[in-house]
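For reference, chains read A, B, C and D in written order, and residue numbers begin at 1 within each chain.
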Amino acid sequence: MDLRVGVIGTGAIGEDHIRRLTDVITGAKVVALSDINVENARRIADKYGAKFYSTGEEVINATEVDAIVIASWDETHAKYVIEAINAKKFVLCEKPLATSAEDCKKIVGAEIAGERQLVQVGFMRRFDRGYRQIKSVIENGKIGEPLMLHCIHRNRIPGPKHTTEMSIKNSVIHEIDVLRWLLDEDYKTTQVLMPKRSRLAEEGLHDPQIVLLETNSGIRIDIESFVNCQYGYDVKCEVVGETGTVRLPDPANVLMRSKGTNSYKIFPDWSDRFIEAYDIEFQEWINSVKKGIVKGPTSWDGYVACITADACTEAREKGTIVSINIPERPTFYNSTVDNK
Amino acid sequence: MDLRVGVIGTGAIGEDHIRRLTDVITGAKVVALSDINVENARRIADKYGAKFYSTGEEVINATEVDAIVIASWDETHAKYVIEAINAKKFVLCEKPLATSAEDCKKIVGAEIAGERQLVQVGFMRRFDRGYRQIKSVIENGKIGEPLMLHCIHRNRIPGPKHTTEMSIKNSVIHEIDVLRWLLDEDYKTTQVLMPKRSRLAEEGLHDPQIVLLETNSGIRIDIESFVNCQYGYDVKCEVVGETGTVRLPDPANVLMRSKGTNSYKIFPDWSDRFIEAYDIEFQEWINSVKKGIVKGPTSWDGYVACITADACTEAREKGTIVSINIPERPTFYNSTVDNK
Amino acid sequence: MDLRVGVIGTGAIGEDHIRRLTDVITGAKVVALSDINVENARRIADKYGAKFYSTGEEVINATEVDAIVIASWDETHAKYVIEAINAKKFVLCEKPLATSAEDCKKIVGAEIAGERQLVQVGFMRRFDRGYRQIKSVIENGKIGEPLMLHCIHRNRIPGPKHTTEMSIKNSVIHEIDVLRWLLDEDYKTTQVLMPKRSRLAEEGLHDPQIVLLETNSGIRIDIESFVNCQYGYDVKCEVVGETGTVRLPDPANVLMRSKGTNSYKIFPDWSDRFIEAYDIEFQEWINSVKKGIVKGPTSWDGYVACITADACTEAREKGTIVSINIPERPTFYNSTVDNK
Amino acid sequence: MDLRVGVIGTGAIGEDHIRRLTDVITGAKVVALSDINVENARRIADKYGAKFYSTGEEVINATEVDAIVIASWDETHAKYVIEAINAKKFVLCEKPLATSAEDCKKIVGAEIAGERQLVQVGFMRRFDRGYRQIKSVIENGKIGEPLMLHCIHRNRIPGPKHTTEMSIKNSVIHEIDVLRWLLDEDYKTTQVLMPKRSRLAEEGLHDPQIVLLETNSGIRIDIESFVNCQYGYDVKCEVVGETGTVRLPDPANVLMRSKGTNSYKIFPDWSDRFIEAYDIEFQEWINSVKKGIVKGPTSWDGYVACITADACTEAREKGTIVSINIPERPTFYNSTVDNK
């Protein structure tokens, strides 16, 4: 039987997830939704045959709703996640889990208090075919022990009102999560370099930035964040091991020979680049919720990502190396079945 | 509401389609199945909650069945397709539509007599992202008028009892259909070259072969068919136009640097290479059946592919250039909505 | 001591060879030259400090000239080569060795009569790093026994007054020689396919063409010849063996990401693409002449290429498969030290 | 007339340069040489027809010697360069120009005092086709203003007795010079990161390292130095500009499909990777010396590279960000004709 999903937040990403759950994923249907933009939400409710509710809390507590997807404004994530935990319903929350580590901690506390893992955070890169291949290469010892990672995260242009801080909190946070998952260890220190500023960045935005991370075992990571690169959406990740390297391929697009060049297209934005990862993420989430378990990134992962991002922000502001202090992982989260 | 599908033939491919319809595709469920291997069919029926029937005809006529998938032995395709037409049910038949052009013609006749398009043939390459990009490049005039196509179709090793004839009838037939769809024209002549035989081919199998085709407008196509290439499954297609070329990319796999080489994996077989195309094919079929239309390759396409493959076989046997005589397309098939 | 070279023909290619011998190659200097364009020849003679002679024969017989380079009008090649043989001087003759097989045969006869190998033909691809790597891969059994070769030879635009016949005689003749050298066997049959004509080709020129060749052992070769491809100069060669394939890489040019694409430049013409091969050809020729031997393609190779090209032309004109009848190689040419 | 060259140091690199000057480069011959390994030096002198001298000073001052190549032990570079300046002879000194900035400064002083530019430093990457293409792309504004550079310099295994310090002084120094040339500006600060150590590095060697540099205008550079990467010799350079990126290609090697992978070879060491750059470097040096000028990297460039490398070493030892204080360039070096 189809899992009945309630969606909170029906902006661009929320609506795309509703489409995904309806037209792409098997085993689910969207039955309820809400958004502060009531008119648009009612339109979408009509289109997909879901019921419109005035508040996220109503969606969460609606009896016809089995599980929740949160795609609302970042500042509202924490309260909805906690409401879902209280309602004892599985919830997939778009990243970030919350806008402060403190709020993440509250979520973790609530989940532990409820004695059941219910929360998954929307770090979809763990579901990308390329990252999964890299993880497999590492785990099979094909490149020896990892020593360094070189990563790049470029957007053609940023979303509206993008700030220097958001480059880390909303963008590099994907690398923060997925690299930690690839390496299976936490971070120890961070430092942020500020290269020459692109004149194409909006007033007040320092872009690009380079985030340096060091893991507990000493692996060194550099992440270029460049939200105004102009040419397209581009994500790279190279893991350098003791005996070899592995890196993400470019997505496969047809090869053209024309006008003096050999070329292929680079996708203009993340929705094309990671569409398959989102599809897999949602299908696996639906499948695991039906089994009553959480297999993807947990609220603990969301908390750790938030602590790390905060440390990066501090490092950027102070211009120094900053320690990242990750608390010991509660045994509650040991049982997590990782999504390999 | 889910489309209720009956599947005839539950061998490797049939079972994979049942899995696809159940676990991957949205909007469908498998409710009935049959196979000559009763024991295996019963096991699969149990696993997926479908009802086992003794014959394909019973599946087709079962009242709980809305649409049919045929994945049985090639020789049985024609009779099941005609039965489905008679039952006025939509049917997706794995290629080939039939094992003789005569039988294809009967199917076409039955469909026209029934006054409704119901049949789609399982030429999944039309749903491959790469081929679709090529079609779009051609249609947008990015490489000018196409003049030549260079194609390659290699298998690591052939299936059991593979014959010289099967290389064309079961393998090159994919190119025969998809290139005709890419170019939107029929073939005029064919010739088959027999290169030096690989000593790794089984006794009695002449492998590789090179199929030459000429379209009505004079475009020249060469297709290497090599079912014993040993290294992997490999499909290439390059379209050479008046001002540029476009070609299929290799599937994206991670890039390794190790032991003196830069390398990436080539998939070992077609199921990995075209898995996404199969998924899209089935999803679009389900979606179009629900709308009461056929959007993919029709029985006319299956008929034309069969006539072409027969001509190639004749050309191979005689060692000469052979004309391909495609009858005029009945207006009945003009209404076909192509799957772009 | 520097080898003193006389150059006959100082058009674009001849002048480039004079520059090469002077500024790039070690161990040689150009001391004499002639050309029917006297004014231009005198200018070049002044520039490089060589002596101008009124006729090629004078250059050949000048006492200060040790060896000859022929880069004059194709029709004059044969007489100058024979003159050089009579003068007992080493000679590097640009392809083709002669404009008819009959004339090639006369050269071979004269060389045998003179009892010394003196002639090398300017098939520079044998000196290309990529083709040499392919030959090494084949000889080391890395892809098993070769079965098929897929080749492409494209020019952006043809030279002035390019004819349908010249596409084979002046362009595909490079493939005819280098593939025979790669495989170490002669050709048995040929056939020429005429694809749809590019409307960008000049009046009277049928372009593109596809040349099919079959070697004595049954290896099948297809060569696309397209002298109006518009986008650049492009040479491809893939050898398909029983266990793997090897192919020429594109020349290494920097990789750009810009305006939505990843791209690299394709060279506009052969002089960029094969500049290194020409340099190596001339350096090795100078080195071997100093040792008193011929290591590159011989007049026999030039003769065989000419017979093959003539057969291709006949096949094109008649539209049939044509036998290629290569005479038995005289033992005189067995001693040839091949340039591996 | 050939430039008569004296070579000091006939170890592996010195002997290779003698071969290059003799067999590859035009316009030069090696007439004199010396080395502390007398036996080997005499053997090479015999082989190439050069005169053996007991000391480098004798080579420099020999009347038959027009110009000097220094390929001796690093510690001896400074004294020989100064001797050559005093003898008013052009000299090409392998990098490093000297083992201390102080000695470089003395060389610069001696050259200025002599009132003539005579010294070129053996930074051959400026002559590499790829780096030159990158410089051209930057200068033509194809990627906008450069903001960041990501560089990699990997050796399969290090030479004997390789130390942590040598990774910068002998290896990264190539990047230090060539990136400064690409960007046409000096460095302001440096920092060195020490990733997890490879267990395959010899006792006492910390490998890999990551060198961070900041230019005067704020461009950020990261250089991975990894001398034990095991898989091959690998040099990468990506320049990220405001509107696009450009990067070095891998050297062109044939593409193999075999045993489940598509692959090409990575060169095992620098001599293969940069052989063409060395050839061009020497040919251009010979050509410019004949014109009485220095066109390549000057002693000032050698001095700046040494100051920068020293700062990197200090940064590594102290674990902090270190300022790089480059003195103002004397007008004497403004006249340098750069080798574009």
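The definition used in the following text is that contacts are C-beta pairs under 8 Å (C-beta built on N, C-alpha and C of every residue); 3 or more make two chains touch, one makes a residue touch a chain.
Which chain is which protein? Per UniProt: A, B, C, D = Inositol 2-dehydrogenase/D-chiro-inositol 3-dehydrogenase.
Note that this is a predicted model, so its numbers are computed, not measured.
Looking for a copy of the C-D interface in A-B, B-C or A-D, one arrives at A-B, which has over half of the same contact pairs by residue number.
Interface comparison, A-B versus B-D: the higher count of C-beta contacts falls to A-B.
Centre-to-centre, using mean CA coordinates, chain A is 44 Å away from chain D. Computed centre separation for the pair chain B/chain D is 58 angstrom, with centres defined by C-alpha atoms.
Rounded to whole angstrom, the centroid-to-centroid distance between chain A and chain B, based on C-alpha atoms, equals 38 Å.
Among the residues of chain A, those touching two or more other chains are numbered 230-231, 243-245, 250, 257-259, 264.
Residues 230-232, 234, 250, 257-266, 268 of chain D are the ones that touch chain B when the two sit in their complex.
The touching residues of chain C, when paired with chain D in their complex, are 22-27, 129-130, 133-134, 137, 142-143, 243-259, 264, 283.
Residue ranges of chain C in contact with chain B, taken from their complex: 144-148, 150, 152, 193-200, 208, 210, 212, 214, 217-220, 222, 224, 226, 228-231, 240, 242-245.
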